[in-house]
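All chains are identified by letter, namely A, B and C, in their written order; residue positions are counted from 1 within each chain.
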């Protein structure tokens, strides 16, 4: 839309989220929605990140703390299971790692350019409780 | 009446289809978004939303993008509440006249505003909406500062906080006034439901939001929203800071029904109560209070928090 | 539940406020969100009473300030229905922020402004300071010179404002007290005919359409704002005037009362003319007739539409006139009056070489007397005869103390 002229958009600077009828949106998962190019879902903030979370599924207990406390709707949970991270919308804040209760954590922060497979292969071991 | 969404536990809650989108422009680690998600996900009903000018508004509707999956309006800094009240009035009118396009829906009307928009500039508008008892919910995203404009004090900014208009300096400890008791004032409108919530205590919060949605009439919600930028802490620590706020009882969680029936909804065990000092120490905005000359303020803080907690307990006990 | 209809006599004796209230009733406004202020209060009181007596089914929200009144109107209009309110003076000043928001969001709302001076010093009487204050707010502005017109123009305002190609809020001005509280005979339209003229409200981008969620009131910075404001102006300049003319035409067919963006009285052969608004038009018309009896070819132009400013129509109406007076009923605050400036602008690049002088009059409800107008026409005739403006370009009339004249 970057070069849109004054006569090319809808009046009132109004924006629509969906193409056509929305339907029962509260019961429609993101992958099944028809977003317009104006929904920020269609945009990416991946370039904000300096560090990124990597998810090691083997340790995850699907407690969903990361899902509820993620400010960026970037924890993808389906059927009560955490299945991955939306890397277009994750800003790399690190909250998910902080709230992850497993030992070792199922989510850890790494430099943006780190390789996921490599990092998962060398995931830290279970920490011994001190005291 | 629509059926209340069943949210037994977090796993069940996580099946919600969010109606607030990512790639908004809120800071990494911003609690606003977490609060908004918990509010919106508490219902499956249709929503009519508004936001007063502030961080949430400027970060979620910057042309040509919107982060909202439900109808949403922003007018100005002071009138998010009245925008939704106007929409609610139209809903009632069209319902009476049989002109609703989808008459079988049960929309919820919700307005969001920061503490600047709510405690200060929009105070009168919110008071009007509450007094008129519109069937709506007003949610304050209370980060105790004008964060969107770069950290000026609001009437929600607590004593000793260094804000850009009340900066700590060689002869100043920052803000000199105590935080305004917005909950008390709003409850005094004798509205059917007012509650203070925190996103870390999601179950308590969602229960209150659902209670609010089930209430016919005006609902006021004050939500603590730790601000990584202005409270000066690492973005990853947002939930830790929220825990400190609720567990130190600096931000007690309670509800007030019909203006008088006060219930404390989160009561940490004695041994789990965090000293206020710990809450203050975790934030850059209070750093200067740890200088010798200002340490008395920390003690006063603790006394104030203790007194407020005692007051809430007495109110709860009195059932008046 | 159905509402009751009201039997009206062909001619009712109504003041401007009640005439406007009756129009709101007949248009079956869905939401009125309002706050009282003299002299406009009886309009919304009227709507409230109609509601109490089951003559309307809409919602009346009595808010806690004028700012909230328009905020509620904006929320209601965005939700998708017919919306109206009324205010004056200080109330309009408090409301001003939201006027720009309503027009920028392209929401149809009808605002009755009962014109009143702005403080300080405090004054409750009629002048056009409030109308002028919001002249660049992106609202269509109609001006009624009498209770009849306050009634009629409300129908036209809804029709134009709600048109999907227009979607721009509209103001109907009437003079405080002089029109609002002066009862006159008003030719009525029956309820069904009146409602049919404006028609059922047709929603657009309505928030209450849950199948099509919409975001209203976005932020646009330097990369978008200019285009949106350009669109708004373009539609005011190119679409609105034609829609107003069409609505006037249709209204004339229905009622026999024909309105024009620029009302011309005795202008066909006029050598000199007065351009003014509000109740002054009637006074000027009377004096012009008297001047004509003395052999002076005097005419009057009443501005029916203040925004969008009828640039071309004004220029055309004045093209054969020798001397013109622009009468501004607002303290100009260090510049010529608004009408003076607009008219000068509309003629500057034309072949018309008429002589233009400006008069500031009637502030705070001060009467514009026939004597004032006789003197004024006499000055205009002298200018016309001399071929130049013999006075200073800006004069105050009707104010006590030494003569005030500038420029």
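Methods note: a contact is a pair of C-beta atoms (placed from the backbone, for glycine too) under 8 Å apart; a residue touches a chain by one contact, two chains touch by 3 or more.
These figures come from a predicted structure and were not determined experimentally.
Viewed as a network of touching protein chains, the structure reduces to a complete graph with every chain in contact with every other.
Remark: among chain pairs B-C and A-C, B-C carries the greater number of C-beta contacts. Our note on geometry: chain A versus chain B, Cα centroid distance of 24 Å, whole angstroms.
Mean C-alpha positions place chain B and chain C at a centre distance of 43 Å. Rounded to whole angstrom, the centroid-to-centroid distance between chain A and chain C, based on C-alpha atoms, equals 53 Å. The multi-chain contact residues of chain C, meaning those touching 2 or more other chains, are 210-211, 213-218, 220, 224, 228. For chain B, the set of residues touching two or more other chains reads 46, 61, 63-64, 66, 68-70. Shared interface positions of chain A, i.e. residues touching 2 or more other chains, are given as 9, 13, 15, 17-18, 22, 25, 38.
Per the touch definition, chain B reaches chain A in the complex via residues 10-26, 28-34, 37-38, 43-46, 60-61, 63-70, 199-200, 202, 228, 234-240. Touching chain A in their complex are the following residues of chain C: 104-107, 167, 205, 210-218, 220, 224, 226-228, 230-232, 234-235.
The residues of chain C lying in touch with chain B in their complex are 1, 30-31, 33, 57-59, 61-65, 67-68, 71-81, 83, 97-98, 101, 201, 203, 206-211, 213-221, 224, 228. Chain A meets chain C in the complex at residues 4-7, 9-18, 21-23, 25, 38. Chain contact summary for the complex, chain B toward chain C: residues 46, 48, 50, 57-58, 61-64, 66, 68-76, 78-79, 82-94, 96-97, 99-102, 105, 107, 124-125, 127-128, 131-132.
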